[in-house]
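Each of the next two complexes has subunit A plus one other chain: subunit B in the first, subunit C in the second.
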Partner chain A sequence: MSGMFVEVAPPTLPVPIVAPAAVGDRGRTARRLARRLGRGVVPYLYLVPALGMLIVWTYRPLVETANYSFYSWNLSPTQPATPVGWDNYHRLFTLPELGGSVWRTLLMIIGLLPFTIVIPVVVGLLSREVRGRARSFYQALIFLPFLVAPVASAAVWQWLLSPRSGAVNRATGSSVNWFHERWPALIAITGITGWHVLGFAVVVVAAGLASINSDYAEAASVDGASRWQITRWLTLPLLSPTLVFLVLSTVLLFAPQWTFPLIDSLTQGGPVDATTNVYYLLWEYGIQSFDAGLASAAGVVFFIGFGLVAAVLLWISERVTIHDD
Partner chain B sequence: MTLATEPSVTEPAPPEGADGADTGAPSIGGAPMTNFDAPETPGGRSRTRVVVGHLTLAVLGLACIFPIYWLYATSLRRPNDVYEVNPLPWPLSVDSYRTAIDEIDVLRLLLNTTVVAVLTALGQLLTSLLAAYAFAAWNFPLKRLLYLAFVGSWLVPFQVAMLPNYVLLHQLGLLNTLSGVIVPNIVSGLGVLLLRQHLDGFPKELLEAARMDGRSSWSTLWTVVVPNLRAALAALGILLLVNAWNEYFWPALVLQRHNDVLQLGIRSFMSSTEGDDWGPLTATAGLACLPIFVIYLVLQRHVVSGFVRSGLR
Partner chain C sequence: MSRITVENVTRRYGDVRAVDGVSLDVAHGDFLVLLGPSGCGKSTLLRMIAGLVPPSDGRVLVDGRDVTETPARDRDLAMVFQSYALYPHLTVARNIGFPLRTRRQRRAEISARVAEVADILDLGKLLDRRPRELSGGQRQRVALGRALVRDPGAFLMDEPLSNLDAQLRTATRTEITELHHRLGRTFVYVTHDQVEAMTMATSVAVLNHGRLEQVGTPTEVYDTPASAFVAGFLGSPPMNLLDAEVVARDGRLHAVAAGVDVPLGLGDPGQQGEPGKQGEPGEQVRRPAVLGIRPEHLSLRPAASDGAAPEATLRGTVRTIENLGSEEIAHCRVGAAEVAVRARRPAGFTVGEAVVLTVRPEHTHLFDRESGRRLVWRPDRDAPIPAARVPVAT
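== the complex of A and B ==
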């Protein structure tokens, strides 16, 4: 970490360290200063490309979004934006869509937790004895859906869940029209997203379990603890950092973001707005209704909201997790 | 994971001599057969758990893989057999692929997507490498703050930044172009993080030696650091490539009316056929996944560990 190029003494320049009183030294000190400044600039030069892109495409737009949220504008270059104060926020909070979309995002989060927490933990605990080649083979299969392009998965699931000829309805004898009924559509979007991310969670939990030092379990078993007691009071608490990470991913990434391509290609937020989550609402406001002000206000609210949720989750995790070290 | 280090060591002289069968060979063929509660229930129970483990993983694996299997199975049936439920597609036919290629020009989409994904990943790799090098090799004012800027970038979702970026792309004349898809994406906070972690573990003596030889930091980067970082760069590159290949939100925004990349081609296909043309649709989707699957097949371990280590995108 400590700067390798800084700590190494620079090859001593042929500049003798003399008393600065000498008059002719002024030019030399200036040159030395310039050289030192030049050296100081080097790390920034390496940073410029990445940092420049980050500022232009991430932080500048964040500030701009906050700015747009106080204007009424339809995104047209010829149309001037008119300042409207807090109107957009007022509208956002009085429209019924906001609450509904937050609620549906919450339902998606809850619906995803079995895929990102429950199944991976159960499977991880049940399969601890499987090792070596067999284990990597199974993991390779389970992980594969994580790599499937979201729209390709939308295509295959549209076929699997097709009302009359789809494999799911044929196998179960049901006649649900998955993407055209309110609850089935929400369940389908959540389930497909769950299928995508399950493999990732399984592999992450397996890695977490593998990193737990077995000395504790052995000591407990010597003390007469049962297998269930060891799991409940040792393994799960030691696994908690991994679980917090997965909850965080579910809340910030999987439920709001991974669902987006599926919603856009399968239900367009419908039927009515049964599958419109927060980011799809943002998309509708901005790109479909060209209401830049309202969309930006929603963007600011969601950014702050998710930031707070992340902070709270991290705070909780600091308090509950036990670090194994 | 070694839950198998034997209880007989910690527990003096267990009365059951039978336990020895297991304890004597803690790892038969790389798979340890014993575990910490073996003294109570030697032999059989532990084997039961191995079987249960295999069953669990096999069932889950099959469930995960089935939709992908069904995708390719449907795409390989003859057009009239698409509604068959026979799990084996027989006789095979590539008619669906032919239709897909004729109808939506899949090959052009494949080429476009490859160009976008490769250039995006390479750009991200390059900017990340330079930035990570700066963070690992120097101390400079504002270092922590600037690093935090990269770490914090994942908290700003694309959707929140989308309208200003859309306007800027419009001003630059990049809307509806492939460059418009690539340019805004050539920075990766994750890339900077991961490469910095690797570089921090890099033997400093090598850098010092390079300095003593009088090499510039630039030549040190390419002649000393990069050759030693090849594995990490490859793993990160694959990760970035997969992400770029599967990216949907940004292309959908930039290429609104043109469906120039696979992800959008499939979407327009889905809506235009009202989802009845299952053969060509599954063929297109199958082709869209194929390059990633091939990479996965060859480099499985690196792909999985890369994603797991990175966690967040």
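== the complex of A and C ==
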């Protein structure tokens, strides 16, 4: 017997592809390079409008603020700004207002948390039981105050909280002079802001709850969990990214910024600075006292301060929140 | 011990009846597969058994106890979801231990039991991981572990293998079957995959448009489908269904259509010799029906020997041939219908060639054209029309 085993060759292409010969054509190479460059530029062109807006409206003022914080200037175009070095910062930290305003901002944050976290979660959980159109109706009802202009609501609340004829005092039988006593004024500003943002927070929480896969609650109920156990062990942990977002908003946005129109139209920071928070202080320094340098220094300090707070909160939230993926 | 009974259960969503008057009895230790195409109501039925969806009508009983109004958590059933529904913020160990935690068991007991289950499912090394750090197959096993951990009366599974790749699906199928043998518990398993149904079930319930088409062992459901729907759903390719007429010729019944003349092996030869009773000589009664033949029951006979075989034929042309490796499937045109033929390779089909296919009478099925139900022959001298429509007992 004669013969031998031959391996079956692996598949190959029938005709080998010849690499195109490298021709020394400079023109073509240059054109190819230009085309590649052109293609690389396109995405950045799309970014230009947004980046332009950011630079003009955010970063340039930021840099200018930082710059003004080293000058003494009364905002008058005819007056020159004189460089004063770190004087403005020195003044800022020696004046008693800064510490007081930070403290009151903190109180406002604490006072707002029930409106931005506790009540929205309770309302969100309860309104899940309501089905269909009624649920949208309830949510719209709660959302409505958010659409009222702050100045308009200030007028209404001023009326409601008026010491003698106001509905609140008449209903409770008290004689508190809401906007002219220290603590009542702070409570009133915080409460009205809370009433304002409550609808927003409820909608955010409702969206957060709706994004939780209903399979988890169903699986848990088959596993034997009671409703309360499902809420505590599954719903709230899975809602944590939403809650962290609301805490961040309360700290960075609602308490310092959204209180501003109410403070300005109801108490002007008073009585005796009782409702002056950091943003109102800034406004007082800059626009009322025409002290651009001091206001800029305060602006820079608050920018850095809130930046640090935001960074810490984000760092915590990364460790605390659960992302369902 | 868990025997699950579903009595005349209906679930309506607006005007749509997702489940329509279904009654089932799942004996203790049974592996019942609810099979049907998507939208047939099988998942809704399972969720009604689990207590996640309340029925609009009817009752659900577990061990004879009416649980229709009982919340899911008190039904002593465990369920594996299609999405697995693993709690994303909990580790594998806490996911598996969750059902015990809800029952306020002690921590030591829970971890001992979790370790036991993890051992069975080979999850020991993954106990500290979170679901997102697991592969699809591992997630599936964790979901199974969570169901196993508290030793429930019955297991409900909603397409648990549909998110796995083909290889893993086959392996897990075997594991679940072994688990069923080992535990001896009742399993109710939802799938649209007939292979899962055929290989795992002790009984199969085929659903269509919310109604129960047939309940039986996999063999019964495949060999004697109770309706044209079941016949057309099971098998790959499914049973060939051809509109035909049943004709009595010389006392024997034939199914006749364009290109089709198949003796059904039914009828009474004693009736021979009454030609022309209904008109045509030699042919008597005509009854419209649907003729069903499984692709593997058709065999090819070369067209040349045509003349020598007068009986049992479908004549057509081969249109396409699919090579499955061990077998091939020829799609033929017979009259106006498409007929698939399954045969071992090489079967000798050529595209475009005229073929004559034969089938043995015992491999033919007849269905009513209107209702789609299976037609069963009941010999009766007084009734010459073979129309005895006997609903197959379920």
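The rule is simple: the second predicted complex is superposed on the first by the 271 of 325 C-alpha atoms of A that agree within 3 Å, B and C clash if a C-alpha of one lies under 4 Å from a C-alpha of the other, contacts with A are read in each partner's own complex, and residues count from 1 in each chain.
The rule we apply is simple: contacts are C-beta pairs under 8 Å (C-beta built on N, C-alpha and C of every residue); 3 or more make two chains touch, one makes a residue touch a chain.
No experiment lies behind these values; they were computed from the predicted model shown.
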**Study point:** Touching partner for A:A30 - first (subunit B), second (subunit C), both, neither
**Key:** neither
Practice item. Kindly classify A:Y68 by the partners it touches after superposition: subunit B alone (first), subunit C alone (second), both, or neither? Key: first
**Study point:** Which superposed partner A:L238 touches (first subunit B, second subunit C, both, neither)
**Key:** second
**Study point:** Dominant toucher of subunit A (residue count), subunit B or subunit C
**Key:** B
Review point. Should A:V312 be classified as contacting the first partner (subunit B), the second (subunit C), both, or neither?
Key: neither
Check your understanding: Is A:D223 touching the first partner subunit B, the second partner subunit C, both, or neither of them?
Key -> second
Exercise for review: Name the residues of subunit A shared by its contacts with subunit B and its contacts with subunit C.
Suggested key: 218-219, 221-222, 226
Point to revise | For the subunit B and subunit A complex, residues of the former touching the latter | key: 1-3, 5, 7, 10-11, 29-32, 35-37, 46, 49-50, 52-54, 56-58, 60-62, 64-65, 67-68, 70-71, 74, 83, 85, 126-128, 130-131, 133-140, 146, 149-150, 153, 155-157, 159-168, 170, 184-187, 189, 192, 200, 204, 207-208, 211, 214, 217, 242, 245-246, 248-249, 252-253, 262-264, 266-267, 269-271, 275, 278, 281-282, 284-286, 288-289, 292-293, 296, 300-301, 303-304, 307-308, 311-313
Check your understanding: What does subunit A use to touch subunit B in their complex?
Key -> 1-6, 8, 11, 40, 42-44, 46-47, 49-51, 53-54, 56-62, 64-65, 68, 75, 77, 119, 123, 126-136, 138-160, 162, 165, 167, 170, 195, 198-200, 202-204, 207, 209-210, 212, 214, 217-219, 221-222, 226-227, 230, 245, 249, 252-253, 256-257, 260-261, 264-265, 279, 282-283, 286-287, 292, 295-296, 299-300, 302-303, 306-307, 310
Check your understanding: For subunit A, which residues are in contact with subunit C within the complex?
Key -> 213, 215-216, 218-226, 229, 233-234, 237-238, 322-325
Review point. Tell me, which parts of subunit C touch subunit A in their complex?
Key: 50-52, 71-75, 77-79, 81, 83, 85, 87-89, 98-99, 101-103, 132, 146, 150, 156
